[in-house]
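You will see two complexes here that share subunit A, one where it goes with subunit B and one where it goes with subunit C.
Moving on, here comes the complex of A and B:
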């Protein structure tokens, strides 16, 4: 291959990765800014804005709220998705095809539409705006995802294993709890962390469905309304760090080749 | 232990317009090793599933120890199944696999361990207790599956082509072990296979199935030497089928005119009836000296011989074009194309039902 073309492909690759990661790199870099505005020149590194973040009660409350919403909504999504996947994988019933399609259909609906729909429905039902409402919203978006992942992992080769358990005297809940779920452990783990990742930085549904207690993305949004500050960079970097950890965990579970 | 353990009466299984089992009735005696033998699609596995409770028959009843279990779920039946793919719990150790049935019965952890170790020792795998199923070979997994089913002390052990996934040598070895194990524990075994050699090696009684019906049943010797039907004769090893007509009949004997001449066989048929006779290749000798009492057939042409070690397998063609499988002695070194007079052991002719 001629040398100029080699250089060109290198530059192109660099441009692509730069395009993707430069904004994040800039965000993280200026979270260590020592002065008041997160623009060049860079004065630092300094941890003063991280101190400010950890001293900010509202942000810390938002962090905790986000954590609660993410963990509980994800656990519920995995639980419901698992039961639904088991039903679709193991039983025959009328309308199975269309119902299966309906299960995963919300994946293609925008979060804005889902959020507005829930807002109107909750209004009509008299459910107040709250973290619980936002959590239900996150179950709506994450349950289809958990269902799709778990359904894809429930193969016919597990059918005989479940039959063996029943044959040896296991009741249905024992089959699910002692055999089916443990066999699907990597997929359960992966769908949980994928749900947590999506719930963690979800903004629009939380924005529409919360009022007094807010999740972190909503808090960051209200912080941004008062202009740029390295403090938003610092909290943004923290959010990014958590997301990265979750993605790495996912890589190690869902996308790892099974042993046998 | 010679009482009837299982009574299956008029079992019919339909899936839509497909009839998988057609009024099958079968009794199983306590302590016997029963083999359901048949080609794929014969209904043998469906019958086993109905016994195990994994399928409910469209019609008919299943009684185990006199109790109607037709609609009883597998968990509540005194049966245990060994699956073709072993179906071990992949996330549990071998010890926990074997102890699972006891755990479901509320047996405490310590007692479970003792019993699981005993069961593993019984199948010759005491060292596998702490391992995971994926660390074992196919034959070892098979033994673990056996131990897991036997540890709950079922009245009836159901085996669904348990040796199907093993290579030939291991399969023959496991056959012997399975038979020895059954003798030792005395549990009634119902074993499904399509391998007639396997069936002959292990069965006390073979039930030959085809197209949802029982074709024949009896000891391996009976099925081989006295097959009831054309299907049974052809499925259990090789056989020649001769068409003929009854020319004389008297108290339990019939004289049948066949291409090999007039043959006297056991069986009651009307004079003039068209019948079929079965004759094994080893009862037709092409060339060499035949044992005393064998009768000569019509002159035939030897078209093919195949060396099979203990003997030569031969094909001969009769003057009317009928092709027969026969044996040729190794010493005769038969030439293809030569004319011979085949010798026939007429006592071995079997009058078939169809």
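Moving on, here comes the complex of A and C:
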């Protein structure tokens, strides 16, 4: 390979990395700003705004609410997706193709439309806006994902082991819980953490379906309305940190090369 | 994974592993199915119904009418929002692919194998942050007193700050940032799936590197690009945050218009009709792309 081309590709790659990390770098740097506005010149480092974040009751409540919604909606998504994947992988039944299509349909509809449909329905039924309503919406968007991941990981090679368990007298729920689930645990963890990541970051469904108790992205949204503040940088950096930790966990489960 | 084991058992058909019992799978698939019907399909039908009704005073007039749809075509401001959305989405899709493809290619072909996973993971790390935070971060960069303006002023390239935030440009930058990462992931995966023997064969037959890329690599990754492009279109055209935070209210995109109907007047019928029109446009784009891909393959 001629050298000028090597230099060109290197410069290009660095430029793209720069573009990708520029906003994040600015976000994190100015979260340590000592003064009132997160723009140059940088006065710091100071932990002033992190203290402000931890002292902010609403933000802390949002953090906790987001955590609750993410964990519970993801657990339910994985549970429902796992059962459905088992049904699809181990049985042949009429209408399988269209039903598969229905299961994964929410993946191609934008969150705004899913959220608005739910808002209209809940209004009609008199279901009040709440974290549970938002959680229901998060299961709608995450269950298809869990289903797709788990379905793709259920192979025929597990069938014989399941059959052996059945021959040895295991009840169907024992087969599922003690044999199939343990064999699939990397995929189960991966779909759980992926769901948590998406639920944790999701804005529009929570925005439409919550009122008094909000998730963190909705709280951050209302902070944004008061303009630029290093406090928003601080909470944004914390969100970024949590997302990064989740992604590292994902990397260790979903994308881990299988040991052979 | 599964195929290797099947192959080791000559004569074993994968179908033999299934059980054929019409009602036996019900306990497994029913809960998920019910959830999808109850909280996805039914709300969609509700929205469809709602779009045929009209707001009247504090309540709803439930005589079926297409008035909300007519309003979209008759009110230039509404129609303009769709045009804006289509333009922004098209620009974002094209720019993102043009930026991401060479980057994914460098990651897949020029970075040593053992560093590739790390390089890729780093390249898409901000992809996983909340998009509220990501849009806000771009506001810090593009704002009147943001990094870009301060730098250009400091270098005396500018004498006064230029407006970058609250423009279409800012919306496009915010979107491109996200989709470059998404497309890098999908295109990288595509390039890695490509067997090196194609390239070797082309080279053996006398193609130079440019010809190999143009006549072999690019056509073989085209379907992957189209899948990524479709993902980009669906996600970009339905996003409210990026245009609202970065573009402001100078020009409205469809999601902003829809949210405006809900927020300001509680006009759910009109918001529903606009949402359904948006879905129709996305579906048409999908059909066009699927058809184009089919023709391309034939």
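Quick note on the criterion: the second predicted complex is superposed on the first by the 254 of 260 C-alpha atoms of A that agree within 3 Å, B and C clash if a C-alpha of one lies under 4 Å from a C-alpha of the other, contacts with A are read in each partner's own complex, and residues count from 1 in each chain.
Note that in this section a residue touches a chain if its C-beta (ideal position, glycine included) is under 8 Å from a C-beta of that chain, and two chains touch if they have at least 3 such contacts.
Fair warning: this is a prediction, and the values are worked out from it, not measured in the lab.
Q: After aligning the two structures on subunit A, examine subunit B and subunit C and state clash or fit.
A: By the criteria stated at the top, subunit C and subunit B fit after superposition, with no clash.
Q: Using the superposition on chain A described above, determine whether A:205 touches subunit B (first), subunit C (second), both, or neither.
A: Neither partner.
Q: Looking at the overlay, does A:164 come into contact with subunit B only (first), subunit C only (second), both, or neither?
A: A:164 contacts subunit B only, not subunit C.
Q: Check the contacts made with subunit A and report whether subunit B or subunit C touches more of its residues.
A: C
Q: May I ask you to decide whether A:145 touches subunit B, subunit C, both, or neither, giving the answer as first, second, both or neither?
A: The answer is neither, since A:145 touches no partner chain.
Q: Figure out whether A:103 sits in contact with subunit B (first) or subunit C (second), or with both, or with neither.
A: After superposing on A, A:103 lies in contact with subunit C but is clear of subunit B.
Q: Which partner does A:185 contact after superposing on A: first (subunit B), second (subunit C), both, neither?
A: first
Q: Would you check which partner chain A:53 touches, where first means subunit B only, second means subunit C only, and both and neither mean what they say?
A: It touches nothing on subunit B or subunit C.
Q: Just how close are subunit B and subunit C at their nearest CA atoms in the overlay, in Å?
A: 7
Q: Residues of subunit A that sit at the subunit B interface in one complex and at the subunit C interface in the other, please.
A: 157, 160.
Q: For the complex, which residues does subunit A have touching subunit B?
A: 157, 160-161, 163-171, 174, 178-179, 182-183, 185, 259-260
Q: Of all residues in subunit B, which touch subunit A in the complex?
A: 52-54, 73-75, 79-81, 83-85, 87-92, 100-101, 104-105, 134, 148-149, 152
Q: Name, in rising order, each residue of subunit A that touches subunit C in their complex.
A: Subunit A reaches subunit C through residues 6, 9, 12-13, 16-17, 19-24, 26-27, 30, 37-40, 80-81, 83-84, 86-88, 90-94, 99, 102-103, 105-106, 108-114, 116-121, 123-124, 136-137, 139-140, 143-144, 147, 155-157, 159-160, 197, 200-201, 203-204, 208, 216-217, 220-221, 224, 228, 232-233, 236, 239-240, 243-244, 246-247, 251, 255, 258.
Q: Could you list, by residue number, the parts of subunit C that touch subunit A in their complex?
A: 1-2, 5-6, 14-15, 17-22, 24-29, 31-33, 35-37, 39-44, 46-47, 50, 99, 102-103, 106-107, 110, 117, 121-123, 125-126, 128-134, 136-141, 143, 145-147, 150, 177, 180-181, 234-235, 237-241, 245, 255, 258-259, 262, 268, 271-272, 275, 278-279, 282, 286
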